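Presented below are the structures under discussion, each in the form of structure tokens.
Each of the two complexes below includes chain A, the first together with chain B, the second together with chain C.
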Partner chain A sequence: MRNATSVRRMSRSGEAGLAMLRLSVVLAMGGMALLFLMVVAFALPAFVQNGGGGPFSWSWSPGHGEFGILPMMVGSVAVGGLAVIPGWVTGVCLCCWLLSPTRAGRPGPWRVLVAGLVRVMTAVPTVVYGFAAVFLLAPSLRMWLGGSGFSWLAASVMLSVLILPTVVLVLQAGLAPRLEALSLSGVALGMNRLELLWHLVLPASRATLLSAAVLGFGRAVGDTMLPLMLAGNAPVMPDSLLSGVRTLTAHMALVTSNEVGGQAYDSLFMAGLLLLVINGTVSLVIRHMGGRA
Partner chain B sequence: MNRILSAFALVLLGASLAVAAPLDSFKGQKGTLDIAGGTAHIPVMKKAAQAIMSANGDIRITVAGGGSGVGVQKVGEGLVQIGNTGRALKESEIAKYGLETFPFAIDGVAVAVNPANAVTSLTKAQVKDVFAGKILNWKELGGKDAPISLYVREDGSGTRETFEERALDKGTSTPSANVVNSNGAMKTAIAQDPNAIGYVGIGHLDDSIRGVTVDGMVPSQANAADGSYTITRLLYMNTKGKPQGLTALFIDYIYSEDGKGFIRSSGYIPLDKK
Partner chain C sequence: MKRSLPFLGFRFLALLSSMLVPCVVLTLMGYLLWRGLPVMGKELLFGRTPPLDAVFGRAPVWDGLWPACVGTFWLVVLTMALALFPGVGCGVYLAEFATPRQKRVLGSAVDMLAGMPSIVMGLFGFMLILLMRRTVLPDANTCLLLAAACLALLVLPVLAASAREAMEAVPASLRLAAAASGFSRSQALFYLLLPAVARGILGGAVLAVGRAAEDTAVILFTGVVANAGLPSGLFGKFEALSFDIYYISSQYQDQAELLRGFGAAALLLMVSCLLLATARGLERSFRRRWRGKA
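What follows is the complex of A and B.
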């Protein structure tokens, strides 16, 4: 009898839990759907607009009736792309180092410290990175390389720092189980953990490596504060690493601070749509790779 | 000790009462007030609207932009109660709609460089060429041999509008200039970059950057107020006929000490009601 009650109680709490789960799924999905609908609906007027000066042109100059956001799209992809390369390479190296302790499978104090730091880095607000870089990185770039220091390079360097923990944590989650599975047989063959990682685990983990890069890219493209503070925000195509660029995110932040209504404002929804498309494509790519893994 | 503390508390209380006083006129009021027009006005209007709405939940104030032309048109057609303009009304507009105008702030813009820069004065023609990207090196302006780093404000910024209208004579600056999104960010950028040139609202000039004399005009609050510095414009609120009720209260609030605080913190110089 007592047993039956407790089973019933358990199943009731199970039902409540299930309802909670469903509710949160519905909320999250409904929110996403609404978001997409809103952005598409608001971006429509910009689609409908005919002639030159619409969002799909190369010149942004609201004073002259030109509202092209293509340079910003290129800016977003350029800044994100350049950030991923150093961020991903450093991330892979850092992750290999973290996973390959020399002393009999136990991480030493340095590895514990670095692993902790990487976790702490995920919690650093980007404005803090931005602020530090405005006072340290930009003046150094200006001194060594010339220009104003606020540039494609500055933004990408800081973004690569920003995405580093994301890359490391994704890699760790993907690589550690494979390494553990191989470690006994590997050691029996006389390989150390680093050799195992390098020769066996990494080549077999292409999907993990790629998804770390793609997630890092998504994070870099989506960030607003760092490009806004560091990239110079010139609405032109970058012609060198030292020239200013404007990303879609920074563009949205700049225009919303002044405009309420009008064509410039409408073009922002197009910018938002482009961002969603870029990030949506990125997550589709991830799922595709996950399917192959 | 206790007496000092309580005296201090009294002073604080007095200060807070004095600050709260201008909002008292909104007590018991309710209704909606719509404001549209010049973008330079938006920060002041928004701060005032927020203060009023948080003191009195029955009042709803909407603030929209659109530019001076939209401001005149909307207030003239009765779509909003206050239409803001960054220019004086034209005779035709006053005649057509019967508008009353209330100048409430001076928006002055100073060209600024790093304090270490040897260049302290420029002609207007030089300023135009620098911002058009025609002059690229400080050498050409009598400074050291170093490339000029240009800093401008984002499109739609009131400071940028005033600067382009009054200093560049409605020209625009080169698109490859660095864009920063506030007077504060502009100051930081110029203070750090020895080769920088940019512009800030005159209210934001301080020791960290140096205001440049343009055509012999020294940028200062006093000169902007007395008209001897001309890279300025007035900001106006306009109403259709004499303002009534909530509209009148709002306009008086902008002229109050609170309103003046909002005007200063937005980088403008407050004017008294005529």
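What follows is the complex of A and C.
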């Protein structure tokens, strides 16, 4: 008898548990849907209204009623693009080095250490990177190259450090199984692991390489604190590596802290929608190529 | 095999990157610790206020990091309280009960949320407040609870992904044994599988705590201020460690404040690394428990 009731109680708690799981899914998806809906709904009026001061123009000067965010759009792409190139190249090289110990078998202590360091890099807060760079990188740039130091170059350098662990981990997840599958036959042919990677694995892993680059670009464009702290935030088109730029993310942070409403907020919502679209596209591209974030 | 020039270049670059990356990262971290560690101590947290008075909220702290630490603490606690249930539940549901179609749709939704920049979550909170002001609550303002809700959206994919992975790492024999002993699927889940994956899920939760503690962009939009003192309640403004670091880097008045910034950065760095190490340790012990079992 006692057994029967306890089984019934178990089964009832099982039913309730499943309902709870469903509820949690509904909550999570509801929150997410609300997020997307709100961003789109707030940005739409800015699309509809047009005129000289709309968000799609090349000039930002709130004093004159001009609220264009195209310079920030260019700034985001420029900063992100310049960060991806060194970040991706270093990431590919570092990943291949990590995957190819000189003695076959176990990786040596230096490799274990560097692999651990890459893991640690994923946890370093971006604001901490930013803080270190404000007092280390920017003064060095000012000393060596002139200018204020707070520039396109500074932001891109730090962003490339930021995206490096992402690139390395995505590549490692993609390349390691292929390398393992080939390593026996490769060794029999007298190739070492680095040669295998260069001649066979890398050419066959174009999708993984590309998705690592795209993911890195998405992270670089989406980051707020590094551009805000390092890029100088001048709302104009950058004309050299040492000139200040303003990214969409930094622009959003500056607008909320300085403006009180009206058309400036329209540009804020528009910038948010643009970021949503850029990063949504990145996710879709990655998914299409079969890589996982 | 004949070694081509591009390959030699590649080998050189690989070697170079293995030197360069540790150098860069250790320089940055070492610099922070070098400037930040000497100021660690009672003074950094409490300034000139007696520590006991500060801890019990009897005296305000004006020149220390204590209010920021408390703010970050409550922010993280609230975030986890809001995110744990939907996040873990979503991951478990995806791994256990979802049909292939649901898996595809929900999975890509979670991936998409994971790829969103944190500032979009912050903007969402900001929009919520604007909407509330226009409709039901004219004097709504950004606050601790709102910031936690937006951070919850940020860490939700982390929780879901780790819960899903943990569920999928459990050996099939456990499920078979449960089915053979007459457990229904949901009974097996709640009485066998969830206890078995608890450590993996906990690892993901610790990782999520780290994400919530470090993020600055979200709280920038949702009610963080530089001199709020201790958070006055769910609907009050608050301070946070990550925001203090940003604020000091752009607005510091004197050397003492700058040093406090270095102290805060070193502190946050150490907390993040500690959380990561804990998460990795939990994950590793979880994997070791089930390794090699079919």
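One rule holds in what follows: the second predicted complex is superposed on the first by the 260 of 293 C-alpha atoms of A that agree within 3 Å, B and C clash if a C-alpha of one lies under 4 Å from a C-alpha of the other, contacts with A are read in each partner's own complex, and residues count from 1 in each chain.
In the analysis below, a residue touches a chain if its C-beta (ideal position, glycine included) is under 8 Å from a C-beta of that chain, and two chains touch if they have at least 3 such contacts.
Everything numeric in this text was worked out from a predicted model, so none of it was measured.
When the two structures are aligned on the shared chain, A:E15 is found in touch with chain C, with no touch to chain B.
Shared-chain residue A:I85: touches no atom of chain B or chain C. Once chain A of one complex is fitted onto chain A of the other, the partner contacts of A:A264 are limited to chain B, with no touch recorded for chain C. Contacts of A:M252 after superposition: chain C is touched, whereas chain B is not reached.
Comparing chain B with chain C, the partner in contact with more residues of chain A is C. In the superposed pair of complexes, A:V134 makes contact with chain B and with chain C alike.
Looking at the shared chain after the overlay, A:M38 reaches chain C, while chain B stays out of its contact range.
When the shared chain is aligned, chain B comes close enough to touch A:G149, but chain C does not. Legend: residue contacts after superposition of the two complexes on their common chain; A:P235 is shown touching chain B, with no touch to chain C. Once the two complexes are overlaid on chain A, the chain A residues touched by chain B in the first and by chain C in the second are 134-135, 228-229, 253, 257. The touching residues of chain C, when paired with chain A in their complex, are 1, 6-7, 10-11, 13-18, 20-22, 24-29, 31-32, 35, 85-90, 92-93, 96-97, 106, 108-121, 123-124, 126-128, 130-131, 152-153, 156, 160, 184-187, 189-191, 210, 213-217, 220-221, 242-243, 245-246, 249-250, 261-262, 265, 268-269, 272-273, 275-276, 280. Contact residues of chain A toward chain B in the complex are 59-64, 134-135, 138-139, 142, 146-150, 228-229, 232-236, 243-244, 246, 253-255, 257-262, 264. Listed in rising order, the residues of chain B touching chain A in the complex are 39, 42, 63-67, 147, 149-151, 154-158, 164, 172, 175-182, 185, 188-189, 192-193, 195-196. Residues 10-11, 13-15, 17-18, 20-25, 27-29, 31-32, 34-35, 38-39, 42, 89-90, 93-94, 96-98, 100, 110-111, 113-114, 117-136, 161, 164, 190-191, 194-195, 198-199, 215, 218, 221-225, 228-229, 249, 252-253, 256-257, 265, 268-269, 272, 275-276, 279-280, 282-284, 286-287, 292-293 of chain A are the ones touching chain C in the complex.
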